[in-house]
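Chains: A, B and C, in written order; residue numbering restarts at 1 for each.
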């Protein structure tokens, strides 16, 4: 068992986006957060601060806690330890979070209705719903398919619809759980392009992925999880170029032994 | 010695003669059972959705109760409702014993556990797939459950059809609370029971075949509705 | 939804203002077809709708006791007199009688044929032949038990060899008798309209002890104030009046009269 390494956050992490705000205003802070499901320790004393403008990639083996960490950041689950949501001065309110799952869950309604439903649940003002829905669908290129049953779309189209649904909510933070794991290369590229477009608009992105190339392409910051512990948290170039703890290095090489 | 073929012939004759009595009885069967299913749907779907998401001590017992009531014999339901609605009972003032209203109430009581138990299952299965996503979008637990029912509306339709089948084919409850009054509370099943006990078996069987035909027609309409929508669900690549 | 229910209830109670009464009677009387003949005549004469709930005699009297019927019309004099004694009706009026017959297999293995019911039952018991009893506290069942007593046999204590209790109505009992080629005591009305006879035929009839007396009682409003006394009394009075009695006598199946009016003049 390797020793617990305090996650190191090196200065200069995160290309800041000019929003007229402090470049690295913290949004969510986790302090020694632990989550336990029955006998399984899903997260073990994780310390993490998510800052505005971050494009954080979570990497790690299956069962390392990536999904649990995403759900904790969203607020879907509780933890022992501290989870703090910080309202940045520029926003004046708590950040809005949206999440995409590996298998997008779409209701058996039309494409348009799925987005409208999301807006309704979120509490968006009625007058703006149609407009935001249309705008979001156009952004992801599904406006021509607005009347189609959502379930008749291809995998890539469904994930784009999930993105549109999240986009319409105008989130401050977008969490994605292996969003392109089931997609073919062109669909994958399309989704990545949209995620980058969202990030360019100022949305903070946290994405878990198996695909290290994807992490390199999209992230400004990479965190490596192992057995619920946050072992490495570094800017992307340092993560892939500098020396890493043994397990992380083995993971990168793909040689992590089966536990 | 009659045969089923004789009864088939008799059934066809009954239908073609457009016997007014027969159609009144068929009409009452359909009205009572569909009203009971409508009421049962309202109560049962909400109950099922609630039981799927509510957290309270004794929830396990409540679920067990609903599942056990699935097997409640219709005659027992009839007896309980009869004792409630009898003039000597707590709800006697309503004065609705031996009327179609009492039959609707009895059949509603019969189908609510069925609809609740099955819709609860639908909601649980749906929430397993999409509960997180709905929560993420901001839906509370009960709203998520209701959305799942909308999402699984074809499953819900099957549940309601099952409930309708249960209601329209039962005889114990409507016999006791309705009284099988000629021209007033006689429905298909009680008419069949009556003809059987009178020894007129071909007529009883013929009425049974008519009932089967009517229910089959209802199902045909529903399948047609489903078929139209499922054409739209073909996958476009 | 509450609105729908309220509407249903209002419809039900609105009909309470109509000229409608509920009559508890027996399955054998209804199945004989008498009511289909009699009640339209009554309606034409008085404009009153009679809704018949046909159950076993015991259940019919019980329905009266609970106040769920306005008038009771059954054929078990002892039970009816008890009903009056308990205060659930003010008066019992005799209306008509029909008769029971003993039916059995045409081969008649117990040699019952004739017009002496007591002797016939004695022979059935002695031969151990199969006999179907309704055993459902109905008027027919009560009559059957009285006839066994007349034979000197106590079926409660020592059932004869072929005695079978079905706990069922007259029709099902005859169905059973037909398939088992058994003896059954039945009222003539049900027998005449029974279509599944098989090999069964009438073997014993005409014995005075086989006469089955009907009585009508209006439920006592002192016990159940909601009872529609006036309308119910109109029915009771009509059925014992000349018009009613004539209507009863006029009911025939296959040219045969079923019920013989005998109301007090």
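By definition in this document, a residue touches a chain if its C-beta (ideal position, glycine included) is under 8 Å from a C-beta of that chain, and two chains touch if they have at least 3 such contacts.
What you see is a predicted model, and the numbers here were worked out from it, not measured in a lab.
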{"item": "Touch-based graph of the chains, sorted into line, ring, star, complete or other", "value": "line"}
{"item": "Pair of chains joined by more contacts [C-beta pairs], B-C or A-B", "value": "B-C"}
{"item": "Inter-chain centre distance, chain A versus chain C - centres from mean C-alpha coordinates, in Å", "value": "80"}
{"item": "Between chain A and chain B, centroid-to-centroid distance (C-alpha), Å", "value": "47"}
{"item": "Between chain B and chain C, centroid-to-centroid distance (C-alpha), Å", "value": "34"}
{"item": "Numbers and ranges of chain A residues touching at least 2 other chains", "value": "none"}
{"item": "Chain C contact footprint on chain B (complex, rising order)", "value": "35, 38-39, 42, 86-89, 92, 94-101, 104, 179-182, 184-185, 194, 196-201"}
{"item": "Residue ranges of chain A touching chain B (in the complex, touch as defined)", "value": "71, 74, 76, 97-99, 101, 103-105, 107-109, 117-118, 121-123, 148-149, 151-154, 165, 169"}
{"item": "For the chain B and chain A complex, residues of the former touching the latter", "value": "129-130, 132-139, 143, 147, 150-153, 232-237"}
{"item": "List of chain C residues in touch with chain B within their complex", "value": "1, 4-5, 8-9, 11-13, 15-16, 22, 27, 30-31, 35-36, 51-55, 65-68, 168-172, 174-175, 178, 190, 193-197, 224, 226"}
